[in-house]
Every structure is written in C-alpha cells, then in structure tokens.
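Below are structures written as structure tokens.
Note that chain A is present in both complexes that follow, paired respectively with chain B and with chain C.
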Partner chain A sequence: MLNRHAVPGLAGGIRPTACLPLRRVLSAGRFRRRHRFRFLRRRSVAGLFFIAPALLTLAATFVYPVCYNLWLSLHSYNLSELYLGIHFVGLQNYAAELGDPYFWSALRNSLIITLASLALELPIGMALALILYRRIRWNGFFRFLIILPLLLIPAVTAYMWRFMFQYDGIVNYILSLIHVGAVNWAKTATGLLSVIIVTVWENAPFSLIIFLAGLQSVDPELWAAAKVDGAGPVRRFLHVTLPLMRPFVLVVIVIRTMDLLRLFDEGYILTGGAPARTTETLSQLVYTSTFTYFNVGQGSALAVVEGLIVIAAVLSCFLTLGVRQGT
Partner chain B sequence: MRGRNERSVLRWTRKLFARVAVYGTLLLYSVWAAFPIAWVVLTSFKTNAEALTVPPKVVFRPTVSNYADVFAAVYQFPSVVANSVVVAAFGTAAIIFLAVPAAYGLSRVIPWGRNAVSFGIISARTFPTIGLAIPLFILMQNARLLDTRLAVVIANVAYSLPFGIWMIFGFIESIPIELEEAALLDGCSRVGALARVVVPQLLPGLGATAILTSIVAWREYLFPLILTTRDARTLPVVAGSFITDVGPNWGGLCAYSVLTILPIAIFCVVTGRLLIKGFIAGAVKG
Partner chain C sequence: MKSGSDRRQYAGLGRRRLLQQTSALAVGAPLWRGWTGSTWHAVRRAAASAGTIRYLAAAEDDSVYVQKVIAPQFFKETGITVQVDQVEYNDLYTKEILEFRNNAYDVYQVDQVWVGAFAKSGYLMRLDGELAPTTLANFYPNLVKIGNVDGKQWTVPFSAIPVNYTYRKDLTSPAATWDDALDIAKRLTHPASGGQPAQWGFPIRGQAGNPITWTWLPMLWSFGGEAFDAKFRPTYNNEAALESVEFYRKLYQYSPPGWLSDAQVASYMEQGQGVQTTLQMVFNAPMESPKDAKVADKIGFAGMPKQVTQASILGLWTIGIAATTPNKANALKFLEYLSRPDIATQMALAGVTGAPQPAVYRASGAPSFFPVLSKVLEYVRPPPLIPEANQWFVITGTALQAALSGKQSVKAAMDGAASEVHKMLANSGYYK
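Right, the complex of A and B next:
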C-alpha cells in the first residue's frame, strides 16, 4: 500500500499538530497553501497537454462554426443574391423574425409537439417501467419488442410511418375498422398529430429505460415499509416511488425537451411543413429559410434564437423541478 | 371458516385482475410497438401495386422483387452502406482518440476539469444541430469538401466529441485513483499511467462510448442531408430517394427499411444488455 505521509502532494492523514508550537503550525500552513497553489497551476499547465488535441478539434469544428453562425446572423447574406454581397445589417435579421408569421407558427408547433409528446411519453414510460420492473414472464422478450422502436434510424422510421399515414394506408384502415373513419393526415392539426404519434412511438422507450434504471436504484424495503403502514398501491406510488424517482424524471424531461424543441427529422419527412408551411417546427423553419430561400443570414439568426429558446426551456425545467430536489 | 374462505377467494380474484391488467397492458403496448415494424416487413414482400390497397392484403403471393430493387444500380445500396459504416467508424475512432486523453486530463490533472466538462456538455447539448449545420455547410463549400465522407465525419465529431468526453470522464471518475498514484510513485509518467493503468480499466466504458457515438452517427439525418448530395450519402438520407417525382416506390422503401432494421435487431439481441447499459450511462450521469 501507498504511504500517504511520505508524499507531500497527497498528505491528508491525521497529523500530530496539537503538540507543536502555534507559530510553526501557522507558517507550515502558509507554506503548504502557497505550495499548493503553485502545484495547482503546474497541474493546469500539464493538463492542457492532455486536453489540447480535443480542445483544438472542438475549437475548429464547433466553436468556430458557432461563432461564424453568430457573425452570419448579423449580416445580410443570400445565396441566391450573391451579387449583392455580404454586408453588416446589425440586428435586422432578428428584428425581421419578430414580424415573421412563420416564426410564430413554427414556435407554436414546436411547443405543441414538445408538450404533447412529453405528456404522453412520461406516463407511458413510467407505467411500462413499473410493469417491467416486476418479475414478469418473457420479460426480456417484451423489453426487446418495446425498446426496438427507439433503436431504429429516426429518418427511416419517419418514412415508414409516412407510408402508413397515406390516405389508403393501414392507419386509416384500422381507424375505419373501429368506426372512426379515414382521416386526412395532410391537414395542419392532423399533420402535427401524426408527428406527435411517431415521436411518442419512437421515444416512449427512452423514458422507460431511464425509469427502469431509477426503480432499480430504489431500496425495496421502502415499499415494504409503506405496505406495512397500510398504504395501498396508488399511495405507495405517489408518496414513495414518485419522490424517489424525481431526479430521473428531471433527467428525462430535460433531455426530451431539448430534443423535442429541436425536432427536425420526423417533421421534415412526415409533413414537410405542408400544408403551406403551417406544420413547420423551429428546426424546419431554419432549414427552409437557409436551404429553400437561401437566406443564410436569416437562417443563422433563427438558429441562434432557437438555441436561446432551448436554453431557456432547460433552465426553466431545472428551476421549477430541480430546486426542491436540492433542499 | 366461511369468512376465511371468502377472503381467500377475494384475494385470488384481485390477484387475477392485477395479473390480467399487467399482462394486458404489456401485450397491448407490444402490439402497438411491433405492429408498424411487422407491417413494413409484410409490405416489403408485396409488389408495389399491392402495397396500398383498400382493404389491405394480408394474403398474397410473396415476392423478393423489392429487395432486388433496393440493390438496383440506381440506389447504390452497397456504397451507401459503406458510407454509413465508414462515417460511423472513423467518427467514433476520432472521438475515442481525442476524448480519452482529454477526459483523463480533465478528471485527474486539471483542478477545474469537472466544471469545464459540465459546462461543455450542457452548451453542446443545447445547441441546435441545424445551427451547427449552416456554418459547416458554408465552410465545407468554401473548402470544397461538400459531398465527401470527411465532411460528415467532421460534423459528427464536432457534435459528439463533447458527449464522448463527458461519458469517458464519468467512467474515469469511477476508477479508484490509488492505482495511478502507485504507478506515478513508481516513476511512471502521466502518459504511462494513462496508457497502462487507466485505459485497461476503462475498456468496458470505451466500448459503451464507442457504441453510443456510432449509433448517433448511424442515425444522424440532418448533417448528411445538408452536407452530401450524391456520393457520400448515408442510409437515413437515401431512404428519401424511394419517393420521387414519378411516384413513391413503397415496396422498395419497406424493403429498404427492413434492411436497416435487421442489423439493429440482431445487434440488439446479441449485445442487448450492453446497449441498454450504455444508454443509461449516457443519459443518467448528468
């Protein structure tokens, strides 16, 4: 074993300071502090050697493009009007957004998709986790079937569903079997609904996995104790399980909120914004501005605003749900 | 005597109800999860004319013409698969090689490493992919790298490297520091300690990280959509080429979907535990 007292940097054991004169103790402390400071600085420099490759890569491939994006957002730059050149316009691109009805409808759509999907994914994931946590026959088989949608390529999944959402497709056939009748999935509300259905089908297993991990970290004695105290299954869930699962719920909400607000694949493939760009999400809006209308400046500004919206959403998640956890 | 009997019957029925409810829910959800996949598998064996009929055909003469379609020269299927594999493999290799020393430095050497990692992962995860794709598109255009595998690899590395560092950082933090200290005392250099002491213990973690970053690259749609046009397209993007102006080839699309689902399903069966462990490790440690 390692003798900690022999190594100056690692000293942490109990020292017989009580019998030493006060002054010597103090000066030793001062010396140790200064020594420690230099030691830390030296460590920082040595550490830079380790992180330099990753740092340089990130600087070139992430930080620089992001800064370039900010720069673009302050300029008028249209790929279809390159003869006009690139010139500085200040915050004009941002101001233009606020008056743009497409921006507001995209924001509305993203919020609807995010809230609706979260409202469905979390309870489904929790219910399935509570079931699969028990000893169930064919547990592995059920888990495999239920988790499989999460592992597929989202774009391919979206194309699969696009096929099934055709007017003559299987979804409408099943709906007519249960006497709902065929639905035109190419309208604004139904288009958004189709995006939500696909997102939930795909991502409910994500909350299932996290919640299963959470349940496995709970001490089963707590349930047993609650049961002895006469709590029924509902109260056991509300007063024992749910409070213990709080951090896991928070993780799922934060991660899913970020991903749902940035949703692109499903919306772009399923509806393509149709009809008349009324089902566009924020990411789709950025995409059409940049690659359909070639307005790079506008698109960059929209991307920045989208990033700010995501950050604001995540922060508000932490503030409303995370604070009580800390106390 | 009778009262006791009644109670046991009551308990028995309640248990039965609970069991029926549990298995019923499970069965119902499994059908909901598996039916779309099953339907696509079924459709992939139908001709294109049979793919969309009212009422849908369940009994039909199966054909493999759709699979032949996918392998037709137009779709360049083998080269698309190669693109996806190369992009995922090179991106993952680059991320591992860059992230291991970085995570080690941030965990063991630099005192402010923990804060840097948290800040980095949060800022990287909140930034919209599309906001990275626009400047990368213009930069790649200027560098004449559009429609190359390198462009997609660069985009993936940019997006997943913070994630890789964060994951490996977590795994290094969970390794006890005593062994390294012993190695350092015995005159081993920092690099030596990393290579001989840390990395061998890190291998399972590296596996999980590699699987996850490969999955992210394999699934990524936006970067290849924007950065490639023909030669470097990956699997998710090419799925769109079954829907053309002439009309959709649904049978072909379904066969294509099955071909992309199959390796995932096999992979999932073979390494299921590892995959899910990786997912949890990747998500919960924040």
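Right, the complex of A and C next:
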C-alpha cells in the first residue's frame, strides 16, 4: 500500500522506491533532474547578474581597448591628418617599426635601464631590509623616511631631479665640492644614468618593503641553528636567508621588470629622449608615434610589441627564477 | 504551525524574491546612474555654456594676462565667463588634438604651423562670414594670410612673435654678423670661479623638436639656405644649410651644457649669466624689468645678425574656434574682443604679446624695444607652414641635436633628416 507520507515531496516521509510503481520512480527521477537543473539555472543566472557590472567594466576598460588597439595596429591612421583617411595595411606598421632604428635604440635603452635598476634596487632593498629588521633605535622613523620616495608622484620626483641635474644645479655643485667636477647630464650615457639614479632612488623602498615582509616570515630558529653550527653572518645570509627569501626576490624582480620596461615619466621629464632621441625608451617611443606624430596606427603596433616584450620578460623571469613546488 | 514543506516553500519564495530584487538592483543601479549622470551632465553643460566659454592656451605670459586681466574685463562688458586652461608649449599640440576630439574647449590658441593640419582635419570652425568685416582689417595682411588655408579663413592673428637679438650692452656692442656673435661668445665665456657663477657667451634654446629648430632657421636663412625647394623637396643638406649647422655647432660650445628651454635661456640673461642670445620677443619685457632681471638696465635689443642676408623667424599665435563648439556666439564674441585694436594695444604695451596690428606700434607709451621689433618685422619669415609641421620639427630637431652633440657628423645628421622628411612628405602625397 502506498504510504503517501513516505514519498518525498508529498508529505515529507521516506519510502523505499522498490515499493513504488516504475512509472512513478522514473518520473520522480526526471522531476529531480529537472528540478536540479532548474535550481542550477536559477543560481547561475542570479550569479551572472551579480558579476555583470564587473564583467561590463572589464570589457569596457580592458577587452574593448585591447581589441581596438589591435585593430588600429593593422591600419594607417593619423589623427592630425584625418583627410588622408583610414586604410587597412595589414602588418605593415609592425614591419615599419621593426625596421626603424629608433625602435632598437629604445629597446636597448629600456633593457639597460631595467637591468641596471634591478641590479641596484635588489641589493639596496635587501641591505636596508636587513638593517631595519633589527630593533635599532627610531626604527619606525627610519622606515618612514626611507619609504618616503615611494610615496611621491613619479612626475613630481622627475621634475625635482631635473632641476637638480641641471649643469649649474645642486648635483654638480656637490660633485664639484668633492672634486669630481661638473657632469654634463645631457649626454646619452649620463642621461640614461640620471634616469637610473632617479628610478632606483624612487623604487628601492618597494624592494625594502617586500624583503622586510619576507624576513619577518623566516623562522629565527633557523638562524640560531646556523649560528650554533658555526656559520658566520655572510654564510647565514647566503645559505639560510637568501634561499628562504627566493619567492620574495622573484616577486620584486617580476613586478619591477614590468614597471621598468614600461618606464615613461622619469625618462620623458628628465631627458625627453635627448640628445637626438638616443635616450628614448619604448614607452616614450610609443608616445612619440602616437601623440607627437599622431600616427596612432604605428603607435598601436608599437604598444602591442611592447606588451609582448613585457610578457616575454616576465615569463622568462618565472622560467629561470621560478620557485620549485615544495621548496 | 507551518509544515516543513510550507517553510521551505515560504523561504524559497522569499529567497527567490530577494535574489531577483538584488540582481535587478545590481544591474539597474549603474544603468540608472549612467543615464541620470549623462543627463545631469548635459543639463549642467547647457547651463554652464549659457554664459561660459572654455579657452585652451599655451602656458605663457600672454595666457596668464588673458586669464587675469582680459577675461575679467570681457566678463564685465559681456557677462560671459572665460575659463582659461594653460598647457606648456611642448605638450599643447598633443592636448589640442585630443581635446578637439573630446569637444572639451570652445576657443583654442593655435600655433601658425598647426593651422593647416587642424583646418584640413575639420577641427576648426570657418570664420569667413562669421566675423565683422573690420575685424580682419585691423591686422597686418600677411599675418591674416597665415590663418587662411585653401582660400578660407580659419584663425585670426593673436600675437606676432619675431625672434630678436638680445645682448649685454655693458659687456659688448651688438653683433652685426653671425661671425661677430661667435667672436663675442668666445671672448666672453668664463667658467665659474671665486664664487662667481659661470658666464656663457651665447645660451641657446636647444630643446628637442620645435625649439632647437626655431633657433636654427634664422641662421639657415641668413646663410642663404632654405628648408625646401619649390617642389617641397628638403634642401637643408645643401652647402649653405650645412654651413649654417656647422656654425650652430660652434656656437653651441658657448651655451650651458644641456638642452635649454626658452624660459631657461631668458633666466640666464636675466641673472646676468648670459652675454647674448636670440629669443622670442615675449621675453623682452621681463628682461628689462628690474622686478624680473638682475641686470635689467644692462640688457639691450637689436636686429638679428646678418651673414649673407638678415633674417628672423616669425612665431605667430592665432586664435581659432572649435568646429563643434556649442557656444559659437560667445566664442565669436571673445574672438572679436581679442582682435579689437584697444585690446591688442593693451596686451602689447603690457609686454605679453607681439603686436599683430600696425596701429599698436604708433601707440604712446610703447616699450623701448618696439622700434627694434618694427624693423625686425620687415624681414621676418614664418617657418614652413605645412600640415606635417609637427613631424618635420621633430625630425629636424633630432638631426640638429645629433649634430650639435657630436653624435653624428653634421652632413650625416642633415642627410638623414632630409631623407626622413622626403619619405614623410612622399607618404602624405606631396610628390604625386
């Protein structure tokens, strides 16, 4: 006899399905499947509604500009010469840029600035982190002072240093006091050096912050154990601290590589690419093409190439320096 | 008491309604905000535009004067507010092109070299038939012509800025030729010593692009060279042109190292560290003002040095109206106001503009350098007025920096520039 109270959905009871006719068993299963799928559909539709604003924002601020940029890079389009019209040129813009000596010069400059800045920021950041990790007097004050350059706006920093690097500015005054003599910061080598100096001054605190966090995650007993085993400060740093800090070093290298390859403010304000565009970086080259010549087709192609270079650099960082799982 | 199924049903209905309402809110709120925001923005702009126009100008003394003196006068007379935004010259071209497309400003200060490009691209409003007939008649006809492209008037002259020669009259007499200028520079350049700052024989405006080229063009013409031939083929790698660049390279040795802006050059003269220079006349008034210059009473002005011929370059600021402005009537009123002889005289006598109207030079109380300027205006020339002028300045300026810094020989640098310019003009259809 059918126990209605035992059939799910009717009165809340439980009844073994073997007691039910087959038709009812099958229809109950279909009902559950439909019901389950309806439940899922309702949840997914509701979920889509919730994330729709974020998706739309992402589409508007990332997907659309990227696609439009790619489209522009395949066309000849000059904003200051609209009367010439817009024409599809395929990969001609890319070929033109790869054959442009200014592109290779800009790439070389960006790589020099990236490698030199990293070579200075990492040891400076690490040294400062090791010093500030100790409980020295006025630790908090020194931390604030050292991090201060990171809080300044890059353009303001660059303008400040530009005045300081003038031939009769304070940098040359100090150099003359220590009998080095005035330096012409407007040449290619010294121009790049001035950009590196400013970039390191501004961003070494970033490395400090990351490394300080890393040091605080290291178990002090490891150092104690190494000390007991007779390891001096240098060996403790090389064989205990540095291996454990590897993930943090990778983070700094990856983030700073991306920033340095895309450097614009400091280069544009300090040197403007002078003399004769020999200190121009990749981002400045994109700016010149897009906003000085208003050749947005070529500028877009350059932006795509620059993006690919940055991606390649970051991937190579991960491949060469990536932390192995479990270590 | 509700049964379990009733509770679930009741909860389900409540949860479903909650989900529906929340989802509707999540989607609808931004849409509503966007619609009302844009509607509100349109209403606000309409209300503001009824008595306000926006003017984009170069960050120079003339714009500061317009903002602080002319705009309040204009408001008093017409009730129309003028909001002035200023941008450094080197960034102004970029800003204007972008803002034309954003429809952000009504009136623009347009360099003469940009008029062709802006007019042909449809950014400017045609002024023929919009201005009163007497407006354009106030100006030098050759200056009005600069704002005329393909027979249509697009801008009106605002400030005629020739380059003149400035020198320290306590240290030297004015150079009659460019060779004299080089001799004076050689003789009077001293390094810093005994607490005294360095003295530079000829500070040069050498920033990349337009500035360094601007300084060179009068030398080029004075040496008998030209930038283009009649068919617009670049000729500044011919003998006369190369000679002018060689001379420029020699003179650059007596300028402070670095690529100076015009303001920096003026500062060297005002602080008494420069002996002579060639600079736009807008810097004349501050140089002989005791408020701005340490050596105000020792600064003199003269015509340009001569080599084969005497030459100077004319910078001309013009004023144009955006083609898509919603404030056409107010913008035209402002344009006409700036073009009035009394206003042009007021600005010229304040030393912030170069007088583009002949009547101004006859005004009483004119500054001491006006006679020099009126003479310079007799042989002054505009730069090449082509739509590709901005690109041309960058290419030429790059080559000049390469030559002056020694990165390339003069011949290699100018040959490279000529080739690049030729290619650029060929792409723009000049040689068909």
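Basically, the second predicted complex is superposed on the first by the 275 of 327 C-alpha atoms of A that agree within 3 Å, B and C clash if a C-alpha of one lies under 4 Å from a C-alpha of the other, contacts with A are read in each partner's own complex, and residues count from 1 in each chain.
Here is the rule we use: contacts are C-beta pairs under 8 Å (C-beta built on N, C-alpha and C of every residue); 3 or more make two chains touch, one makes a residue touch a chain.
This structure is a prediction, so every number in the text was calculated from the model and none was measured.
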item	value
Touching partner for A:203 - first (chain B), second (chain C), both, neither	neither
Touched partner set for A:255, first chain B, second chain C, both or neither	first
Which superposed partner A:114 touches (first chain B, second chain C, both, neither)	neither
Touching partner for A:310 - first (chain B), second (chain C), both, neither	first
Touching partner for A:291 - first (chain B), second (chain C), both, neither	both
Chain A residues touched by each partner, larger count belonging to chain B or chain C	B
Touching partner for A:50 - first (chain B), second (chain C), both, neither	both
Partner chain in contact with A:281 - chain B first, chain C second, else both or neither	neither
Which of chain B and chain C A:68 touches, first, second, both or neither	first
Touching partner for A:160 - first (chain B), second (chain C), both, neither	first
Shared chain A surface residues [contacts with chain B and with chain C]	46, 49-50, 53, 166, 168, 291
In the complex, chain A residues that touch chain C	9, 12, 42, 45-46, 49-50, 52-53, 56, 79-84, 166-168, 184-188, 272-278, 288, 291-294
Sites on chain C touched by chain A in the complex	3-5, 16, 19, 22-24, 26-27, 30, 93-94, 97-98, 101, 117, 120-122, 192, 197-198, 207-209, 256-259, 387-388, 390-391, 394, 398-399, 401-402, 404-405, 407-408, 413, 428-429
Contacting residues of chain B [partner chain A, same complex]	22-23, 25-26, 29-30, 32-34, 36-37, 39-40, 43, 51-56, 94, 97-99, 101-102, 104-106, 109-113, 122, 124-132, 134-139, 154-155, 157-159, 161-162, 165, 178, 181-182, 185, 190, 194, 215, 218-219, 221-222, 226, 235-237, 239-240, 242-243, 248, 250, 253-254, 256-257, 260-261, 264-265, 268-269, 272, 275-276, 279-280, 283-284, 286
In the complex with chain B, residue positions of chain A that touch it	2, 7, 10, 40, 43-44, 46-51, 53-55, 57-58, 61-62, 65-66, 68-69, 72, 124, 127-128, 131-132, 134, 136, 140, 142-149, 151-156, 159-164, 166, 168-170, 173, 201, 205-206, 209-210, 213-214, 248, 251, 254-255, 258, 262, 264-265, 269, 282-283, 286-287, 290-291, 296, 299-300, 303-304, 306-307, 310-311, 314
